[in-house]
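In what follows, a single structure is set out as structure tokens and then discussed.
Labels run A, B, C and D following the written order; every chain starts at residue 1.
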Amino acid sequence: MKPRIGVIGASEINTEEYKTAEIVGSEIAKRDGIVICGGMEGVMEAVSKGARSQNGLVVGILPGSRAEQANKYIDVPIVTGFGHGRNIIVVSSSEAIIAIGGSFGTLSEISFALRLKIPIIGLNTWNVSEQIIQTNDPVQAVDKAFSSISCSRNSGL
Amino acid sequence: MKPRIGVIGASEINTEEYKTAEIVGSEIAKRDGIVICGGMEGVMEAVSKGARSQNGLVVGILPGSRAEQANKYIDVPIVTGFGHGRNIIVVSSSEAIIAIGGSFGTLSEISFALRLKIPIIGLNTWNVSEQIIQTNDPVQAVDKAFSSISCSRNSGL
Amino acid sequence: MKPRIGVIGASEINTEEYKTAEIVGSEIAKRDGIVICGGMEGVMEAVSKGARSQNGLVVGILPGSRAEQANKYIDVPIVTGFGHGRNIIVVSSSEAIIAIGGSFGTLSEISFALRLKIPIIGLNTWNVSEQIIQTNDPVQAVDKAFSSISCSRNSGL
Amino acid sequence: MKPRIGVIGASEINTEEYKTAEIVGSEIAKRDGIVICGGMEGVMEAVSKGARSQNGLVVGILPGSRAEQANKYIDVPIVTGFGHGRNIIVVSSSEAIIAIGGSFGTLSEISFALRLKIPIIGLNTWNVSEQIIQTNDPVQAVDKAFSSISCSRNSGL
């Protein structure tokens, strides 16, 4: 199976965060990874757009009950109807997480990833644990995410 | 977005049902549809195998909390950890449903599809509503599923 | 712990069904049982009203994300925000189920109860399995529900 | 409806945290509030024990699929089968939250409470937002929780 990278962050973001998320998506697709995200606006849209620009596969795990609520770059909308309850699914379905900025919704996802021992790479995000690998460079973030997946798969975790 | 066909049925099945599900998967992939299923054994495995044989994309929405529990033909495991609670996600994420045989778990999914007015094609399955389009032919079942999706998309539903 | 009886049925019902559900709620409360229901209108409201008239405890497992959506007889609103995904919680939290009439949402709950081997007593409801104990009398339905719980508890299930 | 106070914290705790949680439960029950918790060990058990000692009502929203997994002080087990996905239900069902210590699971619940603007009182817990009302005194924590509920109810929120 192709590596699955969860990318999380706020739905309301500035231009710089949008650009960062777009690069992250593009770099994941270049390395033949699947982008898992929440399927909506902001970071979710930007990472989807970036991945699609490189013909990558983008999965959007939606809070609402209609596929039409997905941003236009989503290939596979997963329609949960579970509201914020879908956050745990975004995290559990990912082999590594890249967190970009983000508010309390993102913090809930970071918490779940820490709880489940899923590697997290942080780009200007919550600093609630030393287990979060912090970086300022989106390309490096993607490199680290792929490295952590190789490491997990090889160790049989 | 590519058409998303949910294929549901029991995890314990006989050889004939396995063959039927495999044909359904293969035919969905030939028509460039995405297979959505529960990701486990039986009908879920057979439809996944069939779709993969034609290079189709297969999404498995898993009840458990580990991606490794997916059958080996799944491209995108969605790890819910929600047990039977994932059934509603299988249904909501699909534009049409093909039900093959099945027991009470399948009946819960058929009920949700009827509740949400998602078209269902039945192959030797529960006959609880006239809204279920019954057929004995797996190729015809796939044809009808794609027709119902075209119809829904064109009518703006 | 007090016996927990799940009462399920449609949100749109006629006067007779309302009266039946009210008796069921009243009889559960008289026997010191807890009513578990979906917390909304129709059968859910009637059974809650009946139980409250006898000072019984009523738990409403709500589909939406606001406690205020509960009917006015609910003592303990459980706010899931999971839409139809809450149906599995209504069933799993109950030691026996009484189904009154009902449409496809009710059928999904009956299916889950059959899947989980939770006893179901049916009052003019779906007849999809011989395992559903059918009756026309609401008092008898409650008697049978309590008997099945005693049986389960004694057998250590 | 009686005030519903969610009490969250780790399943592995020390004697002091156990005592604190027990006082919190006892004080909630004295003020005729309902305790909402995760239903398991540690803080969840201690708060349940405290509440029951004062004949309070205790609701346990369980991660697993069996009511028997609840601690012995739970009056109403809500059986979700949703694993960590039940955390959002604990939070959404509460009108105010008291967080006692806690690790990443607790942090996910604090995040959801902040996201949903549900008042949080913290007893030696995560300090991720100024919106968390920090205190060292369990009685004061309960007082503040009840005050915040009165305030919310009066303002019509």
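Note that in this section contacts are C-beta pairs under 8 Å (C-beta built on N, C-alpha and C of every residue); 3 or more make two chains touch, one makes a residue touch a chain.
Bear in mind the structure is a predicted one, so any value in this text is a computation, not a measurement.
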Copy of A-B's interface among B-C, C-D or A-C, judged by over half the contact pairs being the same?
-> C-D
In angstrom, rounded to a whole number, how far apart do the mean CA points of chain B and chain D lie?
-> 40
Compute the distance, rounded to whole Å, between the mean C-alpha positions of chain A and chain D.
-> 30
Using CA atom averages as chain centres, what separation in Å is found between chain C and chain D?
-> 27
Note the residues in chain B that touch 2 or more other chains, in rising order.
-> 65, 80-85, 88-89
Answer with line, ring, star, complete or other to describe the graph linking chains that touch.
-> complete
Quick one: which bits of chain C touch chain D in the complex? Just the residue numbers, please.
-> 1-2, 4, 34, 57, 59, 61, 65, 67, 74-82, 88-89, 92-93, 95
In the complex formed with chain B, which residues of chain C make contact?
-> 82-85, 87-89, 103-105, 107-108, 111-112, 114-116, 126, 128-129
Touching chain C in the complex, chain A uses residues 65, 80-85
